[in-house]
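Below you'll find the structures, each written out as structure tokens.
Okay, so subunit A shows up in both of these, paired with subunit B first and subunit C after.
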Partner chain A sequence: MNLSFFDQFSSPSLLGIPLILLSLLFPALLFPSPGNRWVNSRLSTIQLWLLHLITKQLMIPLNKNGHKWALMLTSLMVMLLTINLLGLLPYTFTPTTQLSMNMALAFPLWLATLLTGLRNKPSASLAHLLPEGTPTPLIPALILIETTSLLIRPLALGVRLTANLTAGHLLIQLISTASVALAPILPAVSILTMAILLLLTILEVAVAMIQAYVFVLLLSLYLQENI
Partner chain B sequence: MPQLNPAPWFSIMVMTWLTLALLIQPKLLNFTTTNPPSDKPPLATKPTPWAWPWT
Partner chain C sequence: MTPPEGGGGGGRDTPKMAAQHPPPPLPSRPSSREPQRPVPASPRRSDKMAPVPVPLKDMKLLDVKLGQLPTWLAMRDFTPGGIGGALRRGYERYYNKYINVKKGGLGGISMVLAGYIVISYMWSYSHLKHDRRRKYH
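== the complex of A and B ==
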């Protein structure tokens, strides 16, 4: 069968076994649990430093109640970061290109922040639907707009991550195909295309890290409003 | 777009949450940070007196 450029994103399965499970389980192998020692291995020390940095950065704007979310947000950040970066290796599958996975993460977590706010401080969390200093005649329209923007948040969270990663992988595949196709015809142009591919890959590494960060940051922002 | 094929959606959603909750979170809990090193306090702490006899 002839493959199109989108077929790299179909969830792989072998004899009915979904192989996405391998891509999901592998990141956990890259974070070996540090032993019960004062000084651990270099890998564990570096990972500990990184986790401490991530947790600190996420917890600074949150109040004491928000610190209950530390494990959830940090583990989400670690998982997304690792999955995104591993997907840039050749012949790997990136689960975060799947809308199903990103919506499964975005929707319940956003809903959790919303319900936390509505349960613990309902007036304050509903008050976010009307920005301060709105002229009176604009109030009904603005409440509708703010409600829409609130309800679209989980969709935006999920689709943002999916689209960024899908577009990146697609671009990489397109430009590498162009480079390979041009090699016998116009070798100089092919080498230029490979240079562009190198720059694009560096960009994709940045995008992978930034998109994971943005996902978790936005969730923490939604949490700040509601906790 | 193959991501919109609804067939694997449920299994992917379940597998994602199971990995996040059962694999990654317990692993990260084992990463405990130590307190940053600090100088010794300048004064020795006073021993607190106690009411019951020595014996």
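== the complex of A and C ==
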């Protein structure tokens, strides 16, 4: 029984096909590429507005060189957003609760920003390892600390997303299990937990959107340092 | 259909056109646009055009009689290209009916999401069936 709370984080497979394949391909289905008309339909207008909003938000702090990353960052944001939100539907599988997948997203992108910086302006990106005006005796220690904080970034990126999504899903399942179990014995308390469940669901929708944004925003901040 | 009003729809088109864009012509099944039932019961249709017998190969599944079903199934294209084409045709039919319309709504998307939930339930049924609230199973 205790194990079954974590059952939702293992990708079920039917006929040898894991569900994670379907959940990863599903966002591509929901965002059709617009046709050749200016004004297509309400849905494509909403989609274009959303993409424009995201791109603008991400690209404003970056300089001209960083704008090459627009396609990458916007599509990453849209993918994470869709996967996180689809994962809140009942019985569905959320690929972003898997640490391996989030690390696979975080590590190459972080490394790309780092290598871009080291290749294009090596001294400026190495200068990030030491804040200005540090007292001389502290320099070795600070360089060690800054190097660690630089190297830990991809881990933090991946773990942040995983932990947020996992914790949310676990909380929803715990509270809903509690309210179902309490319904026959203590109906009043069960109604209270159902109200909490409703509020928590709203919170989780917000978390799903915010975490997708935070992931991409942090990547763009790392890019900003290095470009 | 609403009657045309002055300047309705932002002056883009008449509201008569607002229902949907016509789907693109499908090369493999040209007769699949309208349900062509082999009953010539309606005199309104029969004076316009005689009911053309559709070859069994091009019939829709809903028009196939039960006895013809094995023959119909045998005539389907089960090569990877054929399956891909069928998937693409299905997607385009859905897309042109629900998404690529001027006044699209939540209906089309909700349908897909509901289907996704059902498929996910089927997929994880072998796990979920252990979580029933029964004592002996």
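We take it that the second predicted complex is superposed on the first by the 224 of 227 C-alpha atoms of A that agree within 3 Å, B and C clash if a C-alpha of one lies under 4 Å from a C-alpha of the other, contacts with A are read in each partner's own complex, and residues count from 1 in each chain.
Going forward, contacts are C-beta pairs under 8 Å (C-beta built on N, C-alpha and C of every residue); 3 or more make two chains touch, one makes a residue touch a chain.
Source: prediction; values computed, not measured.
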Quiz prompt | Which partner reaches more residues of subunit A (counting touched residues only), subunit B or subunit C | solution = B
Quiz prompt | Which of subunit B and subunit C A:Asp7 touches, first, second, both or neither | solution = both
Quiz item: When the two structures are overlaid on chain A, which partner does A:Ser123 contact: first (subunit B), second (subunit C), both, or neither?
Solution: neither
Quiz item: A:Leu25 contacts which: subunit B (first), subunit C (second), both, neither?
Solution: first
Quiz item: Is A:Ala104 in contact with subunit B, with subunit C, with both, or with neither (first, second, both, neither)?
Solution: first
Quiz item: A:Thr136 contacts which: subunit B (first), subunit C (second), both, neither?
Solution: neither
Practice problem: Have a look at where A:Thr74 lands relative to subunit B and subunit C in the superposition and call it first, second, both or neither. | Solution: first
Quiz item: Is A:Leu51 touching the first partner subunit B, the second partner subunit C, both, or neither of them?
Solution: first
Practice problem: Look at A:Thr148 in the shared chain and tell me whether it touches subunit B only, subunit C only, both, or neither; answer first, second, both or neither. | Solution: neither
Quiz item: subunit A residues touched by both subunit B and subunit C?
Solution: 7, 10, 13, 44
Quiz item: Once bound in the complex, which stretches of subunit C touch subunit A?
Solution: 12, 95, 99-105, 109, 112-113, 116-117, 119-124, 126-128, 130-131, 133
Self-check item: In the complex, subunit A residues that touch subunit B
Solution: 6-7, 9-11, 13, 18, 20-21, 24-25, 27-28, 31, 33-34, 38, 44, 47-48, 51-52, 71-72, 74-76, 78-79, 95, 97-101, 103-105, 108, 162, 166
Practice problem: Please name which positions on subunit B make contact with subunit A in the complex. | Solution: 1-5, 8-13, 15-17, 19-20, 23-25, 27-31, 33-34
Quiz item: If you look only at subunit A, which of its residues touch subunit C in the complex?
Solution: 4, 7, 10, 12-14, 19, 22-23, 26, 29-30, 32, 35, 39-44, 86, 89-93, 180
